[in-house]
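The letters A, B, C and D name the chains in turn, as written, and every chain counts its residues from 1.
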Amino acid sequence: MTERAEQREERAALAPREAREMPYLRAIPRPTPWPIITAFGVTFMFAAIVTNIFVVVVGAVFALVGVIGWFREVFPHENVEAIPVADCEIPLPPPEFAPRPKKTPRNVVPERIHPYRSGVKGAIAGAIAMAVVAAAWGVIDAGSLWLPINLLAGTVLPSIGEATEAQLKTFNATWFATSVGLHAFLSISVGMVFVVSLPMMPRRPLLAGGLIAPVIWTGIAWATLRVVNPTLEDYISWPWFLGSQVAFGLACGFVISRATMVPLQVGWSLERRMGVERTEGDES
Amino acid sequence: MIAIVFCIALGVAGMAAPVEASQEDANAAAAAPPVPPAPAPVRQPDGSVADLDAKLVICDPDAPPVSGAGVTSIFEPESPPSREIRELGFLVFAICIGIFVVVQGFLVLAIVRGVRSRRAAGREGEGGSAEPTQVYGSVPIEVAWTVIPTIIVFVLTMVTIRTIRDIDITSPPEDALEVIVIGHQWWWEFRYPDEAGEVVTANEMHVPVGRPIWLRLESADVIHSFWVPRLAGKMDLIPGRTNYTWFEAERAGIYLGQCAEYCGTQHAHMLIRVYADEPEAFDAWLDAQRKPGVEDPTVAEGRRVFAEYACLNCHTVDGTSDGMFGPNLTHLASRDTIGSGFIPLNRENLRAWIDDPAQLKIGCNMPSLKLDAAELDAVTDYLLTLN
Amino acid sequence: MTALPANPEAAATLRSPLSRAKVGMACLIFMESAIFSAFLVTYLYYIGKSPDGPQPLECLELGLVLVNSACLISSSFTVVISVRALARGAMGAFRFWLALTILLGIEFLVGTGYEWWGLIEDKGLTLQSNAFGTNFYSLVGLHAFHVIVGMLMLVVILVLSIFGFIRPDRDHQRVDVATWYWHFVDVVWILVFTLVYIVGRVPQGAPAS
Amino acid sequence: MQWAISVDHKKLALMYIGAGLCFFLVAGLEAAFMRLQLARAENDVIDPETFNQLFTMHGTTMVFLVGMPILLGFGNYLIPLMVGARDMAFPRLNAFGFWLFIFGGLLLYFSYLGADGLYGAGTAPDVGWFAYAPLTSRTFSRGNSTDYWILGIMVSGFGSMTTAINFIATILCMRCPGMTLMRMPMIGWMMLVVAFLVLVAIPILTGAQIMLLLDRTLGAHFFDPETQGSAILWQHLFWFFGHPEVYILILPAFGFVSEIMPTFSRKVLFGYPLMVAATVGIGFISLGVWAHHMFVVGLGPVLDSFFGATTFLISVPTGIKIFNWLGTMWGGRLHFTTPMLFVTGFVAMFVIGGLTGIMLATVPLTWQLSDSYFVVGHFHYVLFGGTVFGIFGAIFYWFPKATGRLLDERLGKWTFWLLFIGFTLTFMPMHVSGALGMPRRIYTYEADRGWEIWNLISSIGVPVQMAGVAIFLWNAIRALRRGPVAGDDPWDAWTLEWGTTSPPPEWNFDRIPTCTSARPLWDRKNPEDPDAYYE
């Protein structure tokens, strides 16, 4: 072992144990030129490709010297300097808190919600109501029960665009399954939206949810249908369409608004909500 | 305020354009037969120089599609793909405007309320250092603004996929005319494969109206992109790979476009001109292109210079050489422009071009061959007979 | 609110149990994997897309490379043994197994060099000959470069330990972390080997077995 | 000299930010020259070669030498302070990374100087910031210009990677007692995800650049179409890097907003856990959308649809952030200081940029709009209206912490409004000219296309922005000399960095703080009603 190394070793032994083991508790790293020298060398080694091969030698020398110097900076002990503050290794204690106040200026919006379960229930009710109206249209006005079902599937299955009218009016298993799946997905999504938004609607949730929303929705559908589902547009009857939307809104809104509202759990951490972690301070 | 700026700027282009276009549609429908054909596809065979000079205009102002501000506007489609894209674009734009209005509306509202509440708190007194009510969050609200965007995204995705499948077809439509487009730094080569002899031309593509055009896109060097906004969306031309796209010009006229993928120095001057001709005019043009060039004895000197100065190494006239590096010049004089669509073809310009192309198109791949004045005149005269 | 203990010893226990060095090395390895994946994906992309020039099936033979691979992979075990020895404080065993690891690494490099020499001289496969050559030399070369780097680390450790700078109690964690890199180099080799010598050599049209 | 050998994260950070701002001026000037040329149709102030170099250098500089370093610089400054550490996990590596960035940037700009005499160095790169093959091959790009692009970016890329490693190690290992991950300031999460993205994305770019370098110097055939090589492979590799890269450029700015907005609304950040989830979600989704930059290469309907869908999907987590910020402002008491102005502007402008992004993700629409000025408009809205506004907000917010002096508010507001107006003037019309068919990267354009007016407006915006930037520089210099003393906590904020002196001592905290909630200083200031009870 060289003499210098030994000296270093001794110096390090004098340093407090925590300073060595915990990063920067009592000390911080000392400034050092080696990183910049290494970086310079590395860059020059690359620059050789665009300038002159000689440059690579210069770069390599710098890089090597830099790396060695750097290594000696951290081995066997980090080269640190002490922090000139008494007690610097003792963490600041946390403040003394007053007992938990009963009433605080903290708020939860909205304070109470409909349980999500009721959204699903409402969605099912709405979905049925809507299906009934649509089926009625199919049978009464359009001449086939299958037509509305197949047309709905056309939203996701472009192949339906090429189907003949006769095909559209007969049963097709794939189309049926698609249609039902789509209907369920959309209904439940909308049901969830209802659940979370009904309490926020100022007055008469049923009016807003059951009538106004479907009208807006129908308007959007009317505007977009040409692109979303051209087949449907060819066949659609707008009064019936509106009717089915309103049926959905009313049924869904009715079911949801009848459910008793539950208070909301706030301020839970994500882990806590998922039941993974208990952080301190979560006694509540 | 932001909303206003946004709406005005895009609205000007977005909303004004379709109105204009539909009016044009109506006009065109009413006056169907007399639609002025694009610059005459069949040139006078005698093709005297002075005659040509007078006749060549860079773009006929009366030709309907080239009108006013919309010559390359995506809002004035004249072909099924671009029309469908415009429809889709309006839908998406409308959705975005809707979201925009809602978000900015809430932002403005929050600002107004927030500033007011601060003022009120300030007025009420120094006594309470109280901060406003601290709200950590709200599960239902957060669920709402996760679910609603998801539904919007679902709709957007469906619409998009549907339109993709409509436009991005993988085999040529029935009765399509196939044209091979080859991108070069910085000009276009168009080939019309045909049993009666392949027709090769450059920079100015002629197509018949009302028939789907199936484009086979290739590149001779780097990546280019074929974009004529009023006819179809762009599609890249990639070396070592073949791409396809299609359009169908609905009305006669000139459609402008240009290379849309950065391809080097003169990317900016790689313009495309598509001439949509009535079918008869198109056939006539094709016939004329198929004919061998005229052998005019009066310009024999020019032809000699042309051969001597190795122009033939890069250009071919009537298959006299296999110079493929530059545009095929067999029917050069039947074009309206040189240098890929941005220099009107006339005697003066052509002479200047041959003298030193870089003067007109910096960095272009044709060298100046340092011809003297007499040779220049001779070659120019010769080239102008090639129609 | 549970009050935090005010003495530093306890505060230290509140800190994350993760060690800087380990996290840093894990990140480095993660990053290197990303570089490798660029080359691996490119290799995969070009399999069978290089019709001209020497072909993988006619150039690459398994014999030598299997020996090389065996050496490299067993070196992962020897290095583990050596680190265990260090932890026990058995410096002699530590040095022996470390030296053995380095020798195995050298064998791998020499073997690769020999293989390359054969490829260049006999098969005429170079970086420039075709896309296969380009990919082969780049990927295997990139890996060889990493072997060299990893080996330099091990050599430095060996030299330091011969001069007595390595202390079991103080340094065995550090040495351990350094050997992670060596394991990484090994694992990458398994991927490279599979891709180049197995998947890449499947004749065109035949299903990958 | 002191600065050159420093390993102090704060000094390095300030150097990062300072160097980034210098590069910003350079790249901004390059943009100004471009706008000068494009102000009129058929202008010839600048010849095509120079123009091509200008936009290449502008884009490259702005992305790699302005955006990245400034944001990483802020990360460097803030992470240890905010998590209550004395320094980064690897302080020397930190210095190394910084100097690699500097030398890489200098190498890139050396290409301007290295004229033919200097070993054929030639001129600046002119292949565009994404350097598509095969334009970068020896055949089409002679001389060394493209090699400069490769090497400059590669070297500074190494720097970014080391910095990312440092971020991750610091965040995971160096948090002060009590600071769980879910109590970390939002910016910490953003930086963590950014560091992760850097470690995934930049190596891919480096790998691709190594391949390109092999092609160019040793005659390899990675991107050579002549030998069945693929020009598209480069695009895949580049954009696999490139798209995460744009999120690397925006997430830290999201972090700034998430710190500044609560302070000046006097409210806690709305929906912290969802915000974290959204950040992580963005990180992951952004790895799967890269081919939306390649909708016009003919990938086919299936891939186009897939990448269109994933791209749309990313608007959900991004939207969550926007809405959560609105939720933070809602019901707050808003103090419109300059930083608050900038972050509010950020939200407004970023939404526009995001929505134009949605239009671009609509694949067929992109067939029209890709590579047009509409795209240029889109990404300047997110990059300038997003990243740069965020950066300015952050500078105004943390300047007092770093220097101990306050910037002048009145000048600050001038800066904001000039930048805002100039920015809108410059970039809003680009959407129109793009929709009217103007491709990007053209050094001149024909007069008959109806593009002139929009380009003219764009160009007029530039001097306005310049004025804004100049006022800012003046403001900063003046404040450094004789700005009012800031005090430790001028904004009455809640994160740990405000709990130490301004500027902080080299060791950051005299005593390591302890953390009792996501707003440790709130708890100290309001022990009668601490956050700790509600988390």
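As a working rule, contacts are C-beta pairs under 8 Å (C-beta built on N, C-alpha and C of every residue); 3 or more make two chains touch, one makes a residue touch a chain.
Just so it is clear, the model here is predicted, and its values are computed rather than measured.
Here the chain at the heart of the shown protein, by mean C-alpha position, is D. In whole angstrom, the spacing between the mean C-alpha positions of subunit C and subunit D is 35. With each centre defined as the average position of its C-alpha atoms, the distance from subunit B to subunit C rounds to 52 Å. Rounded to whole angstrom units, the spacing between the C-alpha centres of subunit A and subunit B is 41. Along subunit C, residues 1, 4, 11, 15, 20 each make contact with two or more other chains.
Residue numbers of subunit D whose C-beta contacts span two or more other chains: 89, 93, 173-174, 177-178, 228-230, 273, 512, 514, 516, 530, 532-534. Across the assembly, subunit B contributes residues 88, 131-138, 141, 150, 159, 161, 163, 165 that each touch 2 or more other chains.
The full set of touching chain pairs reads A-B, A-C, A-D, B-D, C-D. Considering their complex, residues 1-4, 6-8, 11-12, 15, 20, 156, 160, 163-165, 167, 170-171 of subunit C touch subunit A. Listed in rising order, the residues of subunit C touching subunit D in the complex are 1, 4, 11, 14-16, 18-20, 23-24, 27-28, 30-32, 34-39, 42, 45, 49-52, 127-128, 130-131, 133-135, 138, 142. Considering their complex, residues 1, 5, 18, 22-23, 25, 71, 75-76, 89-91, 93-94, 97, 280-281 of subunit A touch subunit C. The residues of subunit B lying in touch with subunit A in their complex are 87-88, 91, 94, 130-141, 143-144, 147-148, 150-151, 155, 158-159, 161-163, 165.
Contact residues of subunit D toward subunit C in the complex are 89-90, 93, 161, 164-166, 168-169, 172-175, 177-178, 199-204, 206-208, 210-211, 214, 218-222, 227-230, 233, 237, 512, 514, 516, 530, 532-533.
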